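One structure below.
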Amino acid sequence: MFHHVKELQFNARVSKPDPRFATLLLEQFGGENGELAAAMQYFTQAFAAKQPYPDKYDMLMDIATEEFSHLEIVGATIQMLLKGVNGELKDAADQSEIMEVLNGKAAKENVIHQALVNPQFGVLSAGGPRLTNSQGIPWCSSYTHSNGDLTVDLRSNIASESRAKLVYEYLMQFTDDPYVKETLSFLMTREIAHYEMFEAALESIKPNYPPGVLQADPRFTNQYFNLSQGESFRGPWNEGDMPVTGKSWDYIEDPITHVKNTEGLQDQEKGIEKELKATEKLNKELSKAKSAEVTGAQPKGVAQWSDYNGKGKK
Amino acid sequence: MFHHVKELQFNARVSKPDPRFATLLLEQFGGENGELAAAMQYFTQAFAAKQPYPDKYDMLMDIATEEFSHLEIVGATIQMLLKGVNGELKDAADQSEIMEVLNGKAAKENVIHQALVNPQFGVLSAGGPRLTNSQGIPWCSSYTHSNGDLTVDLRSNIASESRAKLVYEYLMQFTDDPYVKETLSFLMTREIAHYEMFEAALESIKPNYPPGVLQADPRFTNQYFNLSQGESFRGPWNEGDMPVTGKSWDYIEDPITHVKNTEGLQDQEKGIEKELKATEKLNKELSKAKSAEVTGAQPKGVAQWSDYNGKGKK
Amino acid sequence: MFHHVKELQFNARVSKPDPRFATLLLEQFGGENGELAAAMQYFTQAFAAKQPYPDKYDMLMDIATEEFSHLEIVGATIQMLLKGVNGELKDAADQSEIMEVLNGKAAKENVIHQALVNPQFGVLSAGGPRLTNSQGIPWCSSYTHSNGDLTVDLRSNIASESRAKLVYEYLMQFTDDPYVKETLSFLMTREIAHYEMFEAALESIKPNYPPGVLQADPRFTNQYFNLSQGESFRGPWNEGDMPVTGKSWDYIEDPITHVKNTEGLQDQEKGIEKELKATEKLNKELSKAKSAEVTGAQPKGVAQWSDYNGKGKK
Amino acid sequence: MFHHVKELQFNARVSKPDPRFATLLLEQFGGENGELAAAMQYFTQAFAAKQPYPDKYDMLMDIATEEFSHLEIVGATIQMLLKGVNGELKDAADQSEIMEVLNGKAAKENVIHQALVNPQFGVLSAGGPRLTNSQGIPWCSSYTHSNGDLTVDLRSNIASESRAKLVYEYLMQFTDDPYVKETLSFLMTREIAHYEMFEAALESIKPNYPPGVLQADPRFTNQYFNLSQGESFRGPWNEGDMPVTGKSWDYIEDPITHVKNTEGLQDQEKGIEKELKATEKLNKELSKAKSAEVTGAQPKGVAQWSDYNGKGKK
Amino acid sequence: MFHHVKELQFNARVSKPDPRFATLLLEQFGGENGELAAAMQYFTQAFAAKQPYPDKYDMLMDIATEEFSHLEIVGATIQMLLKGVNGELKDAADQSEIMEVLNGKAAKENVIHQALVNPQFGVLSAGGPRLTNSQGIPWCSSYTHSNGDLTVDLRSNIASESRAKLVYEYLMQFTDDPYVKETLSFLMTREIAHYEMFEAALESIKPNYPPGVLQADPRFTNQYFNLSQGESFRGPWNEGDMPVTGKSWDYIEDPITHVKNTEGLQDQEKGIEKELKATEKLNKELSKAKSAEVTGAQPKGVAQWSDYNGKGKK
Amino acid sequence: MFHHVKELQFNARVSKPDPRFATLLLEQFGGENGELAAAMQYFTQAFAAKQPYPDKYDMLMDIATEEFSHLEIVGATIQMLLKGVNGELKDAADQSEIMEVLNGKAAKENVIHQALVNPQFGVLSAGGPRLTNSQGIPWCSSYTHSNGDLTVDLRSNIASESRAKLVYEYLMQFTDDPYVKETLSFLMTREIAHYEMFEAALESIKPNYPPGVLQADPRFTNQYFNLSQGESFRGPWNEGDMPVTGKSWDYIEDPITHVKNTEGLQDQEKGIEKELKATEKLNKELSKAKSAEVTGAQPKGVAQWSDYNGKGKK
């Protein structure tokens, strides 16, 4: 179960209202790389991880809970940046008021313009955060990835943290408020910290490559198809050795001819029968092992999620 | 900030795996009336409520946190209902296994059919919950309502709780598992409890009708337009007195003729000048009062969200 | 069947073009609380209501049809606010023209800016309304609620009308045009009128609480979980009597300890066996009664929706 | 304004309940080519068409209103196909009942399966139509096209009617119920009738090609780029004369070489300076004419949408 | 398989950066009528067309590939219009820089405003194109139509090309850059060229009317329902002969009375039994013929998509 | 520009029709981890990468083009799995036919059931692929990530390839067709190959950690907040050294107390002034360097994307 503590994890402050930056900051409240996306991704992954990885479950729940706490920090900051908006909108019978409030001395023209630039604060939420990105797109769970395999999920998380970090970096350029910058810097840094947690967790699972269970088919593993005609570049991604498996890249200079000559890559398997067999064997072994690991961790009989006071477990 | 306690709020248990009911139950995990929708709606509303209603803020955060805790219960139940799926999918090299697992003795035919009926457990999440409804539609923040006015937000919440309660009621008919039914009954009942909390909170704000600040225009308040030709029914919604304001309903039997005769409802204001003036005056007074209430609650200078150890305030 | 009368229900007028307010007004054309959302919600609910509530069906269809008529008023107003845009965009070979039109004397700079602020009028609809909200989000039927139970649907409608009313209130602050304000005031007032119609209809169904059929589980009905640590507030939502059922609130000061001590709320049922039995009995009676009500209203044999000239019915 | 007549335009009947076909039929209720999509497309287009094409406005409103009436027919048919579902779901306390109802003698297994196949009738709408397609995707206004130019909009409509006709044709194969087939046949035929109405309306506007105002650039009008290597086919779309303009197709056998040789199609304009000038002149003339047509039709001063009893117009 | 050539099909150039027009131009990158929508529509249709229409498959793939090439042109143009943005955002530690770059001499105020007007370039993509429309709505495959019947698909394509052409026409008014205008003119013209290709292809299939296979029901084909009361217009769409079938329009002046008198259009079939029979016969013949055409083109046994070097086929 | 070669990159074959597996396979056609998502992600990233990383641009375009080619393979396979469906649906006048076709001897019951399980093949596409996932959700560009920074984009790509690989692994368990398995194995393996290409490319950029430009704030980098109360686990993600930066993890056992004691993490900076300064300095240097790198690569004057025959470049 969750519990809420009224104090924010970080002492978020705001020097003065700034509805425009509030709009941009929505990107981290309800945007695709924002705090809700992170929180829900780790929270959702945690369920499948609990068996047989209770330690990873613990980590995912710790970080998910921290991301919820960050969502709260972002929401609180947006709310403070919008100071004045709600009060003025409540003065619904007097139009002259709203003009003077949003940014002090502005003429009505400006006020209406502000409303146009981000209509939701003016006509929908009346000066509170909403779960949309900076352009008003509603948050959507398609932003999250949860695929039931930790060697994949943790890689998704490393990428998610990278993007979240970058968006905070971009955002920091659009505000001068030292308090807001301080908060953004804290939040940005935590994404880096989480990055390393996920990296460490991934390294603690062995084997973790390739992600999932099945091995690569040796016939197609190391080919690089030069499908973009014109000035072609060579680099460690298509010459020399592959970075993880260490095989040599096979650069297909003219893929169209190659495909035609091999009848759609059919005639390539000469001489690798042995390697194919080894792969198949490895696939079977790993499948059994991974399957046993998961299945073995699931107790028989009535399933119970929690162990209250140690009574639940035998 | 949020905090997580590993024990579930309710001791959710499951007698035996049932991937099909797991699919239906997704409706309350990532569906439009589900636990995430409730949690995020109250959580988002809470920011704007904090000033000048710290007591309502407290209530919204309490209930939002409980809904997060219910989301966890639903997720845990789905996970337990899916026992076996993940382990079998890990046995990726052996197709014969998956057939026997999902529902025991089923032939491959059945297994594939199961996968078709809810592909996401088979080909996306590998046996864990995902934030979609029972048909795979991703959860979307459009499901939540947060409009910066408590007399409106609380009404939205009463409706949300009503729908959530009903969906649990429907779901209970599709499972026989006594443990699952017990959990559903708990969750359903809590929606009713929240319903009353919101009702009580709404009644504690005065005036709360009409929702928002502005009064109804007396010219158009009590008209009922009989726009649906055929057998017409009369009832308390179009005859006698209005339930809240107590005015008498004005039943427009033939709206088309009425609209034409009044030049688009323009010639109706005779004899109500006094009432119009009174409305205008009330609008101004309420606007000022409500605006002052909100604005007065917002401190000057640097804004700070939390008060740590009482040092932050004063 | 539907029928269209060319005259608008209300004589909508516009003093002069104002593309910017047209953008904001889209919120009530294709937005989540707009007229299409209302029309489609009541229209969709009406089908399931027809049996056994032909009177509520009549009311839902009357109001749905009025909301369609309001959608037309909003669309017509947007169209009039956009006067000039379409004509200028037709002058596709002469760029110099468009600059002078949108708001009279504006320089090209301004014109392009307008287009940026709301691209859809400039590059998609050429000066006509589109079914999006004020930020361009397409209208989506997720905005509507229809759950096959009138005690729930009517509560959804009361909430919907509250939100729609509020959005009109907000919008009124962003225009000075007296004609437009007059139209908005009419539309806002009608939401209040509909609110009372739904309230009256709900009161005419008994019992209507809890929404749906099943009663609350007495073990979990009156608990308030204080899940938000810090300054805690007490109010009618967590102390004294519950507003609808009149039971006393049970305030759980420390939910974490309580949950652990009760093994996940399991050990709470002492002394309420009688109440549990009574609930179960009530559930069965109400289920039978409600089910019979619906089923009894459905005629046997070939189903026919309409009764033409009284010949269809016996 | 709209008006509703309780009788359906077509006497829709249903022999016996069939929840499965109800699911498929949702495609025409809330699907991308369904009746709501058609109704909203023509309704939305009508606003911009009113000036200077009041006759096309009349036609668009006539057809939009008929499509609303068809939406009602589809909804009524779905409701009749679902007979029994709602009544049984109301019997929430007795699970044994629901099993026997959905398709008569079916075992519980079947009932649950039905629910899985289309969860929304079971757990969301309780046996009423919802505005989704047959797979539960919510209806979205992105399905509609309205671009402020009748020569384009009418072409969009011809395509929409073609698709709607086809979907009815597909649907007819999935039901045996003669009453339902009769209704589908009626609805399918009306799409054909509308097709011809739009065709006729398009032909009555001259010039209507190319759609919009600007002419094609003569340098790029008649080129066919053979970009798909392999067995290439020639037909009236790349050899002989173009069907509308009558120019000769210019088949570019080897587009890559051609692009390189012409520096990105830059060196192609030799000898067509005259044609380019003529195009430019035509563009200017048509722009002026079309712009004048629209602008001229918009009255000065306060805009008023409707003319009540002839008093509104001078 | 696809192949990429680094040179653009058209030599796209840009005089100077213009982030605002870049925003508008997104409409053709990730918008509903943009190049991706066209490319994916034809690409998807091509699969079902391959049998029995390999010539239409060839055409669809040629045009789809050209649209991909246009998508690249639009993306490249946006990227060039955004010159400077990415570089400045990289200077993340120095806020003063970003102000001077986006439009030269602008103050910080302007920079922030730009970011607000289109947040995605500032806080998400850092100055690159994203697959959204000009308002940030993500591209969605609902924009494409593919219905497995060429007489329908080609009509969808004609409409799609019409809309795409029009949007380019609108866009051309919002830029002064002669290079950009030249590119837009090229792209606009190609939509016209494709229009004629699809028109020619449609004409080469016989019969192609009505779209699909089934004929219209003669009882409902030629009726025009005058459902929009008020000033009614007559034109070739409701008087005289139908444009395609040549039947005479039957104008139903008062549809409500007509529907009631005919018991929901039931009593209309007198005297057309012969026509009904003929329709039924034609339906059967065409069904058989069309079905045989498709089925006959599908080879027996193992299916293979490609024929490599002529070896794959017989 | 793009070019299409009619031969598939891989010789995709299918033993016999299997509409059910076709449904599942849609996951890789129009699903969130499918081939279109991959193709569009790399294609979109390529634009911003071109300057100053033409070698990475080349790689991104090569892989994007290969993913388009895989999209074609998946589409072709789905089409072959659906053999028969389109032909039968064309036989629209004879219902008895469709029953026998979809899976040979099946009764009508089965046919309708098939249609229900995946309605789109039956009532929308008539047996062709559509750009949706296996549950009918339309493909959406929110699935793609493109953030204008290669050190982030490449990490996104590594995660994307991991997920795509896993989904192929899952899918392989739901078909017995050896030809289909062979194709899936090829496609799965290519995801692994791309994984290594992106890994190698990332390693060739230095520095690449943290992703983006700004360094972590040393005050918050190494803290692990134990926010999930209950059995807590220690591992390399919260004890010992951090995997990338090598600092020591700082495990905050009781975060609530810690936050309160530090006034929201404010009082933690003692003794790290030097480190803070160093970070600031590094931020400035890296910002300048990265900014110069991008800006320096952008030529002055008119921008031109392509260099035709070497004439474009000086």
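Order of writing sets the chain letters: A, B, C, D, E and F. Residues in each chain are counted from 1.
Going forward, contacts are C-beta pairs under 8 Å (C-beta built on N, C-alpha and C of every residue); 3 or more make two chains touch, one makes a residue touch a chain.
Not measured: the values here are computed from a predicted model.
Asks: What is the set of chains touching both chain B and chain D?
Replies: For chain B paired with chain D, the chains in contact with each are C, F, in label order.
Asks: Can you check how far apart chain C and chain D are, centre to centre, with Cα atoms defining each centre and the answer in Å?
Replies: Between these chains, centre-to-centre, one finds 26 Å.
Asks: Determine the centre-to-centre distance between chain D and chain F, using the mean Cα coordinates as centres, and give it in whole Å.
Replies: For chain D versus chain F, the centre distance works out to 33 Å.
Asks: Per the centroid of Cα atoms for each chain, what is the distance between chain A and chain F, given in Å?
Replies: One centre to the other, that is 12 Å.
Asks: At what distance in angstrom does the C-alpha mean of chain E lie from that of chain B?
Replies: Taking the mean C-alpha position of each chain, the two centres sit 37 Å apart.
Asks: Which residues of chain D are in contact with two or more other chains?
Replies: 1-9, 11-12, 32-33, 61-62, 65, 69, 89, 92, 117-118, 124, 126, 135-138, 140, 142, 147, 149, 166-167, 169, 172, 212-214, 227-228, 231, 255-256, 259-260, 263-264, 306, 308, 312
Asks: Would you please name all pairs of chains that touch?
Replies: A-B, A-C, A-E, A-F, B-C, B-D, B-F, C-D, C-E, D-E, D-F, E-F
Asks: Of all residues in chain A, which touch chain F in the complex?
Replies: Result: residues 5, 7-12, 32-33, 54-55, 58-59, 61-62, 65-66, 69, 140, 142-143, 145, 147, 149, 151-152, 155-156, 158-160, 162-163, 165-167, 169, 172, 185-186, 188-190, 192-193, 195-201, 203-204, 210-214, 216-217, 219-228, 231-233, 235-238, 242-245, 255-256, 259-260, 263-266 of chain A touch chain F.
Asks: Quick check on the complex: what are the chain E residues that touch chain C?
Replies: Chain E residues touching chain C: 20-21, 23-24, 27, 31-33, 117-118, 133-137, 166-167, 169-174, 176, 227-231, 255-256, 259-260, 263-264.
Asks: In the complex, go through chain A and note every residue touching chain B.
Replies: 1-9, 11-15, 30, 36, 40, 43-45, 47-48, 50, 61-62, 64-65, 68-69, 72, 75-80, 83-84, 86-94, 97, 124-132, 138-142, 144, 146-149, 179, 212-214, 280, 283-284, 286-288, 290-295, 298, 302-308
Asks: Would you tell me which residues of chain B are touching chain F in their complex?
Replies: Residue list for chain B touching chain F: 1-7, 89, 92, 95, 98, 108, 111-113, 115-120, 122-124, 126, 135-138, 306, 308-309, 311-312.
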